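The structure appears below as structure tokens.
Each chain carries a letter (A, B, C, D and E) given by its place in the written order, and its residues are counted from 1.
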């Protein structure tokens, strides 16, 4: 008698402008499952994909459906922090394991850390800290920093400033989904900083990068960034983004055989270069696989399952990877730079390693051991 | 003579460079039917709009029942007993004829902030409304949505809505325009019956009606009162004939 | 020129016209008489195509036009002065006149001639339709229909709200038009003026034609006058 | 805050304003003048951008892409009119809302289905890349100047069309009383069809012109739609002049607000409070502006008369 | 303004709003027995889904009250829902979550906001009203987004559902379900009475012809303001329930898209009938749920569906029912 199918619910944003990110998560996860022969930890797996529409209450409904109707063993998702905040309680309350392949907010790393929540990406601040540390290390004197006016934006600039001790000439918060950056570009041109740091995810990044280039600033003032130039936006930014820097925990050209194979397989399957979202989802599948192997496919014994997950006994595409006590990763971080590949596609490439085995700053306030 | 129910002093209204009413002085005695006649565009409707508060007056004062109402909002004037009809038919098109009149009764009754109770079933509203409809000859059409009435029927409905509020002064802007011969005759009878109950100011181009009803006629030309007087005086006045009545007055009936 | 036969029409589920038939010959002036709500306006709307007839036919010079869209019927030479004026409120007086002007059947009516006919409109040419007094709007509606140079001019209560002087002017104007050979279909309440002007009359009662005849016959026939017109 | 920076930001504000007008132009025509609430304006704008990207990919020429995309946008507008809008003339505004909302859902999703969810881009035409120095140290991208130019041309064109041509008169007349226009011998439906097509083309044109500076992505028209509505409402519905002035006003207020809100607030508040309040205020500024304008003038700056 | 001879059937021919009793009764009966039927299936999920449907139905009712009976097309109703929700969330963050505090707080906050903004908004009409309510909705949205102490844009998790005198009555899904149903029925009855009352008649009159109402002596502004505040409080009530249902509050509850959805629900169901709002909310959310389960591109189906409903059915989904029953009775009459 065959064991019951394992059920994994994937919840990601699949509509609206950020749909591309959700798709990367879904694709990355499914690619891994396919490579594992449709099985995780030896069990046949059924993947149920849900669109959270970037609406927290919709996400709550969808997660409840996954947990209560579909009785999934794992929920994987979401893309965005505000959705994570909404779904942690309904997803984990009944003992189901929630694994976030992207969003990693500070509260769940610290005060609200949760034994049923695992994060396979990073603590958000860390990505921004990379740029701050790099700017500091390079002895840059003045910085102009900019982010959208919402929580994640404020966290990002705080993250940058945590390491950058030079002079911040201006700290600008723009309205979410701003289209035109002429005003800010004029400010930058007037301030003449040594470096610009921005966190402008999605379409905002595309608009900013194009306009920055068109204003002729790209030749004179370097840009450090997070989630502003990555493989999800590069097809739209193209040459305009060449030479822009970004902080990351991974890049497509990260030199290890598993990663090379992953990038090639992803491109073959989906016709696009994967971004961090895809690889983190891939790793998430591998994590589940490793844990189920350890428990021999059992998901009933939650303590055993959690322990097995925490071991993170798999080879991550990013190389070094282990969980901290708060279920957030300890990993390396790099500065990457946008480049054009010989085949005409664009990707970020590693410039230097900025942090080694880096843990987040909030773990201290997490009571879990 | 008793204090006038309405007294206008130096009323003026200007649209851009166009002076439409110009220092109009006029008074209406209680119970009087006061007709205002004058050529098209003379400012009659504008005058009614100013009195009812739909348009603010540029200068001048409006005394109504002894109080200065020049700066009051339209609904406040209505509450004090100033009712009007519109030259361009203005009813509530999706309401039935009965409901149109019933809401006018409700306006008089006040207490419209009642959140409960089925208004459509209140005899206190419906009985007087029905009576008014009968008076203007629309009893049979009580349940028809006002929007579906013919033009002439709407005119009659307007009048029913106005009289049911039992105002102190009723401003009538061409009530006979668009009504047929028979209906005109009936409206004249209705108005004659109402005469004395309250004062009325009648703007009308139907001279049969004006001369049959008016106690006093004021002639408004280019925004100014040319003259005022008893109907027979006005009818004979050569200036009025030249500017308004014309030589071949249609006294057909 | 215009032939209406067995016309039936209504609004939604309510029939209003049951059996309406009459003719207007070239150069003739015909009136529709009847009390309020008897279906005069509905007849006009039906023959203009503004209400879809449910039965019967309308023909212009023998060509059936029943069921054609209103603009096609208008292009065939019907010019309408609608009940209740319906001037375009957001257009100036001049724009109201020229927007739909046409010279399909001659160009007797030009802007200048309309201004001559209604000097008041010339004075107000820059005003918006909504800023006119009721009577001025009525003049504008008449002028607008004339500017389409129609073969048959249809006037639905065109003297409503006009001062006696202007009204008399209109009647005089209409007889001038008649003399020039203009065919006219007329709805109004001024019976004497109409009897003087018109050749023939059609009396409607609850959607049926109950009487037709010449002005002389109407003047003579006391029963019609009393029974249907309450005179 | 130096004077030069102030001048530059004023310029930036004006250019944002012209850009907003370009986006709102088609909406002013169809909604303001024809009185049809076309929520699909935003997706038509998006479609213009996508079509341009597609045709650019096929032909490699911006001009060819522009022409083809305009033609396609027109064709699509006419199709939409024939299939959907035609049935809704003379209906309540709310019927327009729900039907065109349906079109938004459909097109946003269809575009994703056809072109994928990832943002795309359209390069600036080769000859118009680079910047010019308006003043020493003040570089302005040439393409921005082209956008400003086309915005101004559209403004003048539209204004002339609506105010002075017979078509303009008939459209305005038809907006308030189509039945009467028709009864006077004008095929108002055909005219409406044409106007719709033209409106769709204007929306597409805005999309094409702006694509080189913005990201072309599903849903890109949604925020724009609201902005465009804000523009024509502040200006006074039906007034092209009003829309133009309002667009400039919004551009200025938004840009100056974003640039100087924090600095100005710092005059009254502590620096850190200014930092938190300033940006929040800046995001609300255009809505605040709209509320204030409508409070003072409930029918916009240049109310259409006679409605 | 109608082209050619389309009879104006939108103008109801009845003297008062059609007092359809059957349909609402059937709706409520179905909702009442649903948990019994659901017991065999995945009960928790279905209950959650229908709790959501009912909460949105309450919010939609508030919109219907304004649009359908007062011609006030509000594009900012989500703000009131959000304010109601935030009242619960903020109190919870301060460890106050008893009904006696939370519910009045939610109602008061939304009512006050409605009063303050209504004073301004009601100066305008038509599309201007639509846009100015949108403006205030957006301001509420941005304010909530910058409430850093309460999670800002990320939102705020509610630790405990509202209690009644300390008893956690809402914690049991079934109890919560029936509480929401009871509130829905109560709101529906309230709106029904309101619409039929003298007050409601003044609102409808103002919708038909505001100038006429003014010259009859009604101060239309006041009536509309009262209606706006009532609707705002009903919105706040829905927000109170929504916060408890999702155990989370977020500025996203106040987004303009959400306000737009509420309008669409009302129109989809059929304007002018109160139960239409309930039908519309249910149809919108259930269709969304069902179609989204079928394909990722479900909006490509959903969009055209909306268009079809508008183009071919007058009066929304309820209109289909009315048209069908009219056709049947005509058949019957003919024999």
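Everything that follows uses one rule, which is that a residue touches a chain if its C-beta (ideal position, glycine included) is under 8 Å from a C-beta of that chain, and two chains touch if they have at least 3 such contacts.
If you're wondering where the values come from, they're calculated on a predicted model, not measured in any experiment.
Asker: Moving only between chains that touch, what is the shortest number of steps from chain D to chain E?
Answerer: Minimum number of steps from chain D to chain E: 1.
Asker: Measuring centre to centre with C-alpha atoms, which chain is farthest from chain E?
Answerer: Between chain E and the rest, the longest centre separation is with C.
Asker: Greatest Cα-centroid separation from chain B: which chain?
Answerer: A
Asker: Counting in whole Å, what is the centre-to-centre distance of chain C and chain D, each centre being its mean C-alpha position?
Answerer: 44
Asker: Whole-Å distance, chain B centre to chain D centre, using C-alpha means?
Answerer: Going by mean C-alpha positions, chain B sits 47 Å from chain D.
Asker: Can you give the whole-Å distance between the Cα centres of chain A and chain B?
Answerer: From the centre of chain A to the centre of chain B is 74 Å.
Asker: Would you mind listing the residues of chain C that make contact with two or more other chains?
Answerer: In chain C, residues 11, 49-50, 69-70, 131 touch at least two other chains, as defined above.
Asker: Which residues belonging to chain A are in contact with no fewer than two other chains?
Answerer: 14-15, 149, 176
Asker: For chain E, which residues are shared contacts with two or more other chains?
Answerer: Residue numbers touching two or more other chains: 4, 8, 145-146, 148, 299.
Asker: Can you check the complex and tell me which residues of chain A touch chain D?
Answerer: Counting only chain A, the residues touching chain D are 14-17, 19-20, 23, 149, 171-177, 179-180, 182-184, 186-187, 189-190, 202-203, 205-207, 210-211, 214-216, 232-233, 235-238, 272.
Asker: How about chain E: which of its residues touch chain D in the complex?
Answerer: Residues in contact with chain D: 1-4, 6, 10, 67, 73, 120, 123-128, 131-132, 134-136, 138-139, 142-143, 145-146, 148, 256-257, 260, 263-264, 267-268, 271, 297-300, 302-307, 309-311.
Asker: Inside the complex, what are the residues of chain E that reach chain A?
Answerer: Its residues touching chain A are 42, 44-46, 48-49, 52, 145-146, 148, 151-157, 242, 246-248, 250, 252-253, 258, 289, 292, 296, 299.
Asker: Which residues of chain B touch chain E in their complex?
Answerer: 52, 54, 73-76, 78-79, 83-84, 86, 90-96, 98-99, 103-104, 106-108, 111-120, 122, 143-145, 147-148, 161, 165
Asker: Applying the document's contact rule, which stretches of chain D touch chain C when the two form their complex?
Answerer: 166, 169-170, 172-173, 175-177, 179-188, 238, 304-307
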